[in-house]
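Labels for the chains are A, B, C and D, by order of writing; each one numbers its residues from 1.
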Amino acid sequence: MEAWQQLRRNFRELWQSFRGNRMGVIGLGLVISALIVAILAPWLTPYSPQQVMRDENGRGLTFAPPAVHPPLGTDDGGHDVWAQLVFGARISLTVGFLAGFIAMFVGSFLGILAGYFGGWLDNLLMRITDVLLVIPDLPLMLVLVATIRQMQLKISPITVLILVIGLLYWTSTARLVRSQVLSIKERQFVARARAIGAGHAHIIRKHILPQVMPLIVANTVLILSTAILIESGLAFLGLGDPTKPSWGTMLNFAFDRNAISNGAWWFYLPPGLAIVWVSLGCVLLGNVLEEMLNPRLSGHHLEGEAHIIKPGEQQ
Amino acid sequence: MGSGNYLLRKFAFALLTIFVVVIINFVLFRILPGDPVRAVIGRNVKISAEVQQSLREQFGLDKPVFPDQFLMTIRQWASGNLGVSWSLRRPVAEILISKLWNTLLLIGLGQILSIFFGVLLGLLAGWKRKTALDAGALTFSLIAWATPTFWLGIILLAAGSTWLGLPTGGILSPQNVGKPLHTVLPDLAVHLILPTLTLTILYLGEYMLIMRSSIVETLGEDYILTAKAKGLNQWQILWRHALKNAMLPIVTIIALNLGFTVSGAIYIETVFSYDGLGKLFQTALTKQDYPLLQGAFLLLAVSVILANMLADILYTILDPRVKAS
Amino acid sequence: MYRTLLFGLLVLVLLTACTTSQPSTTETAPSTSPQAPAQPSTSQEPVTLRVGWPGFPDTLNPAYAFLTESYTMFDYIYSTLATESQSGEYVGLLAESWDVSDDGLVWTFKLRPNVRWHNGEPLTAEQVVWNLNAFIQNPDGWVTNSGYVAGFVEARVVDETTIEIETEYPISNMAYRVSFLYIVYPPDFEGFATPAELQNFTNFNAIGSGPFKLASLDKDQRIIILETNGDYFDGHAKIDRVIYQTFDNSDAMIQALKVGDIDLIGEVPDSAFAAVSAFENVKAISLPGRSITELIINSAPADHDPKPNRNPALEDPQVRLAIATAIDKQDLVDVVLQGNGTPGVTIIPPTLGGGFWFNSDIQDVKFDLDEANRILEEAGYVKGSDGVRAKGNVRLEMRLQYASDQPNYPRTAGMIANWLAQIGIKATPESVDPDSLVVATNPNADYDLVIWGWGADPDPDFMLSVMTSSQYVEGGWSDSGYSNPEYDRLYLEQQKAIEPEERQKIVWKMQEMVFNDRPYIVLWYGNILQAYRSDHFTGFIESLLGIDSFQSLMNVEPVR
Amino acid sequence: MSESTPLLSVRHLSTFFELSGNVKAYALEDVSFDVYPYQTLGLVGESGCGKSTTLMSILRLLPPNAHISGQVLFKGVDLLALSEEEMRAYRWKEIALIFQSAMNALNPVMRVDEQILEAILLHRLLPREQAWQRVQELLDLVGIAPQRGRQYPFQFSGGMRQRAMIAMALACSPSLLFADEPTTALDVMIQAQVLELLKNIQKRLGLAIVLVTHDLGVVAELCDQVVVLYGGKVAEYGSVDAIYNSPQHPYTQKLLEAFPDLHRPTASLASIPGTPPRLTDLPSGCRFEPRCFARLERCRHEPPALREVGEKHYAACHLLEEKENLLE
């Protein structure tokens, strides 16, 4: 209980100092605004993402520039790009967030177990992360996704993406959490708790978890940005769901359907900017959180010279 | 003695990892549904039962998956036989080798440029911490990190071809394809500008960030103060004392980044239709050419693993501490 | 110091690697020296037509070739007895004329004299007969030819310039059949013991007798250089060389045309056609072609083995009608093809035989979502709370799969799913690679709806054969599983109907049956989209053979 | 230079750090002392009292948020009036520095002899050949076999590292050596050896040493003069005899009480209740007042001035004034 209250207090303090950090606030703003757009998507556009826009003769309006069809023109399929963009936010963010959370849960769980219990479990886990670290991730994911889809397990392409990303990106979290748990384990209050006969589950829940929680939060935010970038990449390579276009899928269509030759910048610029928007937000946020939890060196020896106050100089 | 042990451990680890990759590769492609023989034949052809049977025997599909097919596959892979591509109807190993050099050229150039400029920028940013230079470099790196590789490629491609008249893809202009390389170097260079620039921008940010924090940490060490107390000026301190110490983590990062580099190659070669391994991987993926996909994955993974091992060895040469411990 | 040294070394290794990898990859045909100009009279730079295309032939061996790029090359390099002309009828190539016996079982071909191989040797009647008999006797080896010699018994030499083909039954489309039988140089093909050996032979140093000869083929750089065959029996081209270069990306190819690096694009993507049309000094051509794109409805017989796995509602003709009524084909053409096509009706494209075979009497169902809803309502399918119709425990929920290799199928699937959703049918689009799709449709019969397409042959026979029940066996052409004894009977009948009008009647009837039973809902007939530099070359023949047909290239000349 | 003129005269040295949020930390205030040739001055006090800051202020090695004022006269030159460029010529050549932890003070990826050589070459004292010769001599002097100079610092034991550091400090034959807690990180046996070495070297080379330590045992053994710092101010300053035999400041008295046995200087300073003041929040009166056992009312408001309490023996405490008043 006490530890959790401490945690709440820590979060409040964190928030206090966070508010003063410009980078962090910008990052949070970027992420939240994207979330709001995703949630409000149906109210932000009169069109559905599947709807074909038409000219006055009722013919499909493809590759229409923004001047012809505001605000962002139409794509190769005659869809409203703005509608695709705001509904795409739902898909991109869903995949990013769910995959990120899976990675967080798996990573934290395994990291805590490994750090707390040590021994062969720790060894095994560390070897697995070592191995996963050197296998190039994109080829592995592409091969995995392609294989899983080929097996026709009746899982939607989006679910496949979420699972593959989530289950491959837990290693960094696991390592981080493990080392943190290792250092907490050595502290006195854990030894004391163990001495009075507290069970493992109790110690983990009451003492370890609240201590590693802030770290997990910061790390998750960073993983989110990776997950969103990876999703966009896989979708760009054609592994997304073409009927539920995410930002990556939009770019896949733009590239495959000659948006460049058509000079349709309104088709390929917005989705990319949206991806940068969110992933930059997460990176800023995550970096700031990490810096706050784990302040690095405040200065170094070559930053300049001390100021010498000359006699008579007012200070 | 100690360093021998260290190297042995690294070697054993590389072997273990390669073994894991081989197993992943084998298992993944064996759990695919459908008859590989039918898939070879495709939609367009009728083929008699006897021919199908002989193909099946050719692929070893009449034997049990484990251990026969597995051992047979490993024996084949070890001898450099990666099978025959379904879509290109050529030995996979031969195709891979023909594309390898193009990719090495692109990745090599991108890495060298990004390491050089990334380290330099990181050094300056870390040294001149909290100046406009530092803030600018930091912002640039974060944005570069947050930008999808392929999208940056698309933007540069569209902008470069529209405004600068740069080629939109390939390695050489049509009229130069097939000519001896030394006569077309300028054309090759022009084609390399955009993909290399994309790669450089992306990796540069990462190297800059790492170098920056590494140099800040190094410059906070006591021996830097010693150097200052010795009367060395800032440049002397940076060059003689800080650089080597700060560069050491970079070596490891470069190695660990190789996987990331491979990802970049897949995206960039796809966007710039650059005829290398990354493009090949993407083609194999869209054509569902499994032998090719399998071979490309094996090659990419094994290269990265071996490169990691090499980086470890390099590290022992650079850092006296590792060599002895 | 070693740091810089290391980097220096790396660069060096990369550069030398590139230079050394170069020469080993080019294969040069031994018969010709690439430098020698085709026409001895020209002393200056040879006139070269540069063509960009998205693929590359997998082989130059006609025994076992599937990619269209291979067939493009076959037409340049090899000759056939007869060939299709720009206007759609068959004309002689190696054969000057041909005749059939009164019983329709023996065909006599009169060969041109003085035809030579690219290596200068004369092409003899024995060699032609050797080819034909090889196709007939070794169908497992000559896999791609075997369909065209079905029903052939034997080929014989009559005299130096005359050969005979004996058939088992009368064959109505002999000229069409022999137009796909490329005559290869026998010494290159005699040594193969097994079908597999023959199939693995790529013949990348091909010797033929066609209007162009292979000068070099580089399968790593993916570049093919053809030279005009100065000894060709039917005159020779006005250009000296044709270079085919592969582009992995259509935007890059289009850019190359725009700046004049290439002179011709044989296949402009529909999504870029408008952009290409606007280029200066470029002529873009959109001509009706022979391809059809269809929505396949699983029509496999209930007793098929394995048992069909599909939504049972698809067996209901009213559901099929409703689906057909809910698809706006004009909209698909406008949006997906950006206008470059025609809404589809029957399985025979209107271009076949100049429109002779296309049943123009058939009236397509009109796109009308209300009507489609009404049909389903009437057939007893009631909308549930989730908007999906159901009758009893049969919900109108189905897979909508499409081949992953066509960039316009995802858009098509999206639009169709959207229309079907509005009539209470939930269709889930899914991209499937073509190989898996082959297995899913035939023999597994494990699908509901599939979007796919065919490139039709000039003769209606092939498209008609796709719907016969005898083709619905493993390895057969049928994917819908359509089974109609009357249709099967008519199919055999049209094969033997030597009289064109008589055959036309049967062919029209068959189209009507397929249209009414709807194993296929034909979505559109696609156009051939091509473009060339009008400031570089002129004289292209615009026909449904494409401006890159060998007849067209023989007519092309540079703009002075 | 005669023995009577100080080598280094520190006058009114004050240093404060500007921290974020416009907070200032007053690390040193009005510190004055003299160092004479051939002598050792001890700077003692608890952690954070300004000992190291004094050295760093003199050498001007503090970060840019430090503000230094006062005078530092070295051989008659005010070091605080020099440009950075000119200052560099004084570093190491005239004033060398030994750090507390030689592990971190030596560059881990540079061979030990090269690090020593670097200092000699930098100040252009000898040509390369002779400089190498000198490196060997220096290693020999501190008791390291010269061939071990080829090794890296991590291959040395703690004591050897400190010896190497000393050899490096002597490289340019400085006239003044700053030793910042040179033995703290070492175990007792090695401590004694290193101190012995320092003593010998001083005798042989005749340099002046400023020794920073919180170890009064070391002070008694090595020093001639002692400056006791508390909270950035001089509490007491005088000869080692005067300080040990008649400590005047309550802080000095307590400090000495904490070390009943000068040969077992391991007891903790925590035996003085309370903690040193925070430099950002200094008491307005005497800085020791909150912990003082003999505080007066005025101690709380009025900072005491340094007053002479014996020959060249100064202390800053209001009690002394009271005592004087009583005597009068």
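Please note the rule applied: a contact is a pair of C-beta atoms (placed from the backbone, for glycine too) under 8 Å apart; a residue touches a chain by one contact, two chains touch by 3 or more.
Note that this is a predicted model, so its numbers are computed, not measured.
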Q) Between chain pairs A-D and A-B, which one is joined by a greater number of C-beta pairs in contact? A) A-B
Q.
Quick check on this structure: which chain has its C-alpha centroid closest to the centroid of all protein C-alpha atoms?
A. B
Q. Taking mean CA positions as centres, which chain lies farthest from chain A?
A. D
Q.
Using mean CA coordinates as chain centres, what's the gap between chain A and chain D in Å?
A. 52
Q. Just how far, in Å, is the C-alpha centre of chain B from the one of chain A?
A. 23
Q. If you average the Cα atoms of chain A and of chain C to get two centres, how far apart are those centres in Å?
A. 46
Q: Determine the centre-to-centre distance between chain B and chain D, using the mean Cα coordinates as centres, and give it in whole Å.
A: 54
**Q.** Multi-chain contact sites of chain C, meaning residues that touch two or more partners
**A.** 251, 255, 404, 433, 436
Q: Give the residues of chain A that touch two or more other chains, as numbers and ranges in rising order.
A: 150, 238, 255, 260, 263, 299, 301, 303
Q: Mark out which residues of chain D touch at least two other chains, giving numbers and ranges.
A: 61
Q. Quick one: which chain pairs are touching?
A. A-B, A-C, A-D, B-C, B-D
Q | Residues on chain D engaged by chain B in the complex (per definition of touch) | A | 59, 61, 88-93, 96-97, 99, 101, 104-110, 118-119, 122-123, 152, 154-155
Q. For chain A, which residues count as touching chain B in their complex?
A. 127, 130-131, 133-140, 142-144, 146-147, 150-152, 225, 229, 232-233, 236-238, 248, 251, 254-255, 260, 263, 265, 268-269, 271-272, 275-276, 279-280, 282-284, 287, 296-297, 299-303
Q: Using the touch definition up top, name the residues of chain C that touch chain B in the complex.
A: 2-3, 7, 10-11, 14-15, 17-19, 21-23, 25-26, 50, 52, 58-59, 66, 139-140, 143-144, 146-147, 194-196, 200, 202, 216, 218-223, 225, 243, 245, 247-249, 251-252, 255-256, 259, 261-262, 404-405, 433-439, 474-477
Q | Complex interface listing, chain B residues touching chain A | A | 13, 16-17, 20-21, 24-25, 28-29, 31-34, 126-127, 129-130, 142-143, 145-152, 154-155, 157-158, 161-162, 168, 213, 216-221, 224-225, 228, 234, 237-238, 242, 256, 258-260, 262-263, 266-267, 270-271, 281-282, 285-286, 288, 293-294, 296-297, 300-301, 304-305, 308
Q. In the complex of these two chains, what residues of chain B are touching chain D?
A. 221-223, 225-233, 236, 240-241, 244-245, 248, 319-321, 324
